[in-house]
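Once you scroll down, you'll see the structures, which are given as structure tokens.
After this come two complexes, each holding subunit A, first together with subunit B and then together with subunit C.
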Partner chain A sequence: MRKTILAIVKKLLHTIVLLLVLSFVVFSFIRLIPGDPVRISMGPMTPEETIAQKRSELYFDRSLPVQWAHWLKGVVTEGDFGESLFTHRNVAEDIKQYLPKSLELVFYCAIFILIMGVLVGTISAIFKNSWLDNLIRFISYLGVCTPAYAIGVLLLLVFSYTLGIFPIGGMPNIPDNYVRTGMMGLDCLLVGDFALFGQVFKCMVLPVLSLSLGSIAYMARIHRGAMVENINADYIAFAQVAGVSQGKLVMKHLMKPSFIPTLTIYGLQVASLIGNAFIIEVIFRYPGFSQYSLNVIQNKDPYGIVAVTFVFGIIFAVVNILVDIGVAFLDPRIRINTSE
Partner chain B sequence: MENKNNLALNIENLSVKYKVYEGTLEVIPGLSMHVEQAERVGLIGEAGCGKTTVLKSAAAVLHSPPAIVRKDAIEVCGVSVDGKKGVRSVRRNVSMIFQDPSSSLNPTLKISTQMTDILKSQFPGRKKAEYRQMMLDALDNVSMPAPERVLGSYPVQLSGGMRQRVCIAMALMKDTNLMLADEPTTALDVTIEEQILDLLDKLVREKKKSLVLVSHALGAIRKITDRVYVMYAGNVVEVGKTREVFEHPRHPYTIGLLAATPKLTGSGIADGIAGDIPSYINPPKGCRFASRCPRCTPECLEAPPVLESVDGREDWMVACHHAGEEAMA
Partner chain C sequence: MMTKDLKATAAMEQGVNPRVEALKKSWYKFSRNPLSMLGLIVVLLVIFIAIFGPYIVPYPEDAGLVTKIAESFQGPSGAHLAGTDEYGRDVFSRMLIGTRSSLVIGLLVLAISVPLGVILGLIAGYYKGKLISRLIMWLTELFMAIPPLILAMVVCTMFTNGYLFAAIGIAVAWWPWYTRMTYNMVTSLSNELYIVYTELSGVKVLKILLSEMLPNITSSIVTKMSLDMGSIILTASSMSFVGLGVQPPEPSLGAMVSDGIAYLPEFWWLTVMPAAVVVLIVLGFNLLGDGLNDVLSVEEK
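Now for the complex of A and B:
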């Protein structure tokens, strides 16, 4: 157990180094991009002195390493990510406002993907090569090769425009005094306003669906493959002859080893959701972090871009660590090898 | 075979085929064998001759499809293995030990978990402590050192010999009539092999179980079993009392197989039998051993030989057109 914790700590240290390197690389990029971000932000009519003063305030008149070190100090000591030239307030506040909304979207997707992917994959494996398996396979291939935005537009067309079941985009307004975590649905639940939660939920259905379908299809394929392969394993036949009941055989003895490759893929899929959310948030006019990211990138907002990249890096790293821990939890072979 | 219901295992005319891209693999063309109560039967033959397939069909774990299985009967303790009822009866009456202990235990579950799951379905509704005691007894049964530690381990933390002992302990946890052991020692080293086989022999004798032992360790077959089936390319080519078959083998394949065993007193490594098992796709229409047989005549290439009694005896059969002839060099 101590060794396992040690391995996790080691992993965390690796991740921190990685994030430092990442932030420096991104920092140098924003200095390399042509054009003056301060000038862009303040407009062509602003006098040169005001611009110069702003530049000096933001450490743009210093060398790159100094600017980076100043920024890093702010982040580590006060959680200060610098001032956004797009929203004209501290980037940390922007993150606080927009990130939870995206995380909420991704969180619902992650749960939906896990349940549906494993469920569909398991059904497929149990009824291997039946018409049901073939149908699932066909739909899966469609799902894997259709981009999320195409699915999003299609769903909007069918369920919002034609059938009118779901709203066509946007989110209901959350009163300011509701805000606890920044996650819209969760805040409604915490306050106890179930009617508003219902509205939020209704608005979330189509974004979650369009963001998840591809990943579900992919997960289902992987999970089916792992299960079908393991059905032929000696230990399944052995457990079967030794008298393990059929339910336990499938749900435990077959499911647990089959879940190892599925979990690895799951981690990658969840991490990539953040990237896919860019387009989905635009299509559904969802006021999330990806919308914000697009805006800062389009406006060449230096501190905004660095913060956005940094946050994405952290999310990827965290998901990665969680997956590694999960896999080690499932597979004693990995756990025992890493701790010895 | 006076009364079939008294047989621990009865296989009649089993045929197993696989459809593959190149054609149809006729792995087992038509095989019959039986095991009486408390009888120990050996099954020998070179790798790839279908021994494992026979055992798997008897234990109802042969995957079909892809295997295409036809048979007149497979009965365990007088009950056919077909259908749900049959499978339930097989699960009650048959235990099986697999070839490779490193792949026959679930890598992701603790030994205690795997054993508890067996016990729970065999003896439902007992207390946790009772199950634990049963597991410890089972491990004690197979002379396992440090059983407490083994229970808390994952398979990767155990040595090959320990894993096979665990497998035997698990196979013995339910009180079955018939034990199928598929090369239980092939994956182990020689000193462990001896221990495991002695253990198996002792337990089977004590509990008066029937045993089918598949092994390449011919010495062990000779020591442990009463009767032996010699298989070649999916066919039984010779069957008889182990002692008699080993002393006076009649089928040229049996002769070659026994001669291929290196002996401490002999001169160096034996030669073995030249050639390979024929392809299972479009197998020869005559005797499957013909291409490697020193006694081969045109007749052998035309018609497959059937099992016939040796010297009019019912307990010794050979499938060879030239069984009566003395061995040629």
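Now for the complex of A and C:
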């Protein structure tokens, strides 16, 4: 146990260094952008002096290491990510506004994917080679090949336009005095406005479905594979002979070891959800962080891009570390390897 | 091993090349699987479209900015297999040209990321534990630290938004996977006795890497390339969905879907048709990759 904790701490430190280097690399990248982002954001009619002043305010007239150090100091001491040339606010405020909404979306997806992926994979493995298994495998294969936006469009066409069950996009307005966490559904629950929560929930069903289905398909494939492999293992036959009950056999001896590959893939899938969410946010006009990132990237907003990559890096790292902890928890044989 | 050698010599004496025989055997196995064959057919079809697309497209002028208001929003019919869009352009023609550019982007990404990734992986794997190896693997990790789609988008917009930079952007996000894979395979190969013997007999490092290591990992790399082609096309189409990559009026499958959403549900073919084409292409490459994987991994055993 101590060894595991030590390994996690080591990994954490390693990740922090990695993120710092990453932000420096992105800074140098931004310097390479042709054209002056400050000038572009202020318009062609702005007098030269104002631009020069703005440039020095944003530390764009200093050397790269100085600018980076100044930025890092701001982040560490005041949570100041620099000013966005696109929203003209501090990037930290933008993150605070948009990130919780995306995290909420991804959170629902993550739960849905875990339950459905494992459930479908387990059914598929138990009824191995039956028509049900073949059907599930066929749909899973198709699901892996289908881009999230295609699923989104299909769901929109069927459930919103044809059946009219769910709205075609957008989110209900959340009153300002409701905002606690920034997560729309959670805020409604905290305030106790269940009617509005119902509306938010209804608007989130299709985005969550479109974002999750591909990952569910993938998870189901991996989980089925892991279960099938373990079903044939000697220790299962031994447990059967030793008279372990069927329920205990499936739940304890079969499920637990099968979760190890599933969990690893699960982490990767959740991490990729965050990156892929932006397309779903665009289709369903969901006001989240991914859509914000897209705007920032397309507008070549320097501090915005640095912050976006930094935040994504942190999320990726956190998910990875959580997966490592989960795997170590499930399989005592696995020592977390930090040598690389 | 001995019997195999004897067989090979015997085959040689009969004037049969053992390599050709092995290939024939693999092909036999591959062709017995209808799904793999389906994948192969789809991929061949895509390649055919990519090469001959401009000559077989029914309405070549529709690739550009033309307006035929009288023909706009026609449903699928004999004249327009997949209907027409808001400018009266033939969706089928645009899909064929979009397919072509998807394939070209996919090939470009592989052409950049595979050699780069494999070479770095060979070096890092061979010099495991040395500074250069650590540096390479660290760099790999750095590029894997943010979602590939985000990285590709940042790189793509940073310079000129277009075809080439979309490919470069995706390649920047893609090479680390090849480096990591090569690294893992090379480090496990390094312990094989024949590699150790070759080293001891004073063969140059470059020769060991290229003529001893590389041939042993080629089949895995080829399989990965086929599987990756599908993912790369997915990524590229996701990027073009939000306007990164191929620029209008040039058609691209992702952009066609995103433009079509505004005309749902009446003019469903504008979104459903190109989306189905993306699924079909990706399905083809995945089936082919899985088929290759089955054949090649058994061969290794």
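Rule of thumb we're sticking to: the second predicted complex is superposed on the first by the 334 of 340 C-alpha atoms of A that agree within 3 Å, B and C clash if a C-alpha of one lies under 4 Å from a C-alpha of the other, contacts with A are read in each partner's own complex, and residues count from 1 in each chain.
To be clear about the criterion, a residue touches a chain if its C-beta (ideal position, glycine included) is under 8 Å from a C-beta of that chain, and two chains touch if they have at least 3 such contacts.
These numbers come from a predicted model, not from an experiment.
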{"item": "Touching partner for A:Asp234 - first (subunit B), second (subunit C), both, neither", "value": "first"}
{"item": "Touched partner set for A:Lys256, first subunit B, second subunit C, both or neither", "value": "first"}
{"item": "Partner chain in contact with A:Thr264 - subunit B first, subunit C second, else both or neither", "value": "neither"}
{"item": "Which of subunit B and subunit C A:Lys300 touches, first, second, both or neither", "value": "second"}
{"item": "First, second, both or neither for A:Phe312, with subunit B first and subunit C second", "value": "second"}
{"item": "Dominant toucher of subunit A (residue count), subunit B or subunit C", "value": "C"}
{"item": "First (subunit B), second (subunit C), both or neither touched by A:Leu32", "value": "second"}
{"item": "Touching partner for A:Thr4 - first (subunit B), second (subunit C), both, neither", "value": "neither"}
{"item": "Residues of subunit A defined as touching subunit B within the complex", "value": "231-235, 237-245, 248, 252-253, 256-257, 260, 330-333, 336"}
{"item": "Of subunit C, residues touching subunit A in the complex", "value": "137, 141-142, 145-151, 153-155, 157-159, 230, 234, 237-238, 241-244, 254, 257-258, 260-261, 264-265, 268, 271-272, 275-276, 278-279, 282-283, 286"}
{"item": "Contact footprint of subunit C on subunit A as seen in their complex", "value": "18-19, 21-22, 25-26, 29-30, 32-34, 141-142, 144-150, 153-154, 156-157, 161-162, 271-272, 274-276, 278-279, 282-283, 293-294, 297-298, 300, 305, 308-309, 312-313, 316-317, 340"}
{"item": "Parts of subunit B lying in touch with subunit A, wherever the complex brings them together", "value": "56, 59, 61, 63, 91, 94-96, 98-100, 103-109, 114, 117-118, 120-122, 154, 156-157, 167, 170-171, 173-174"}
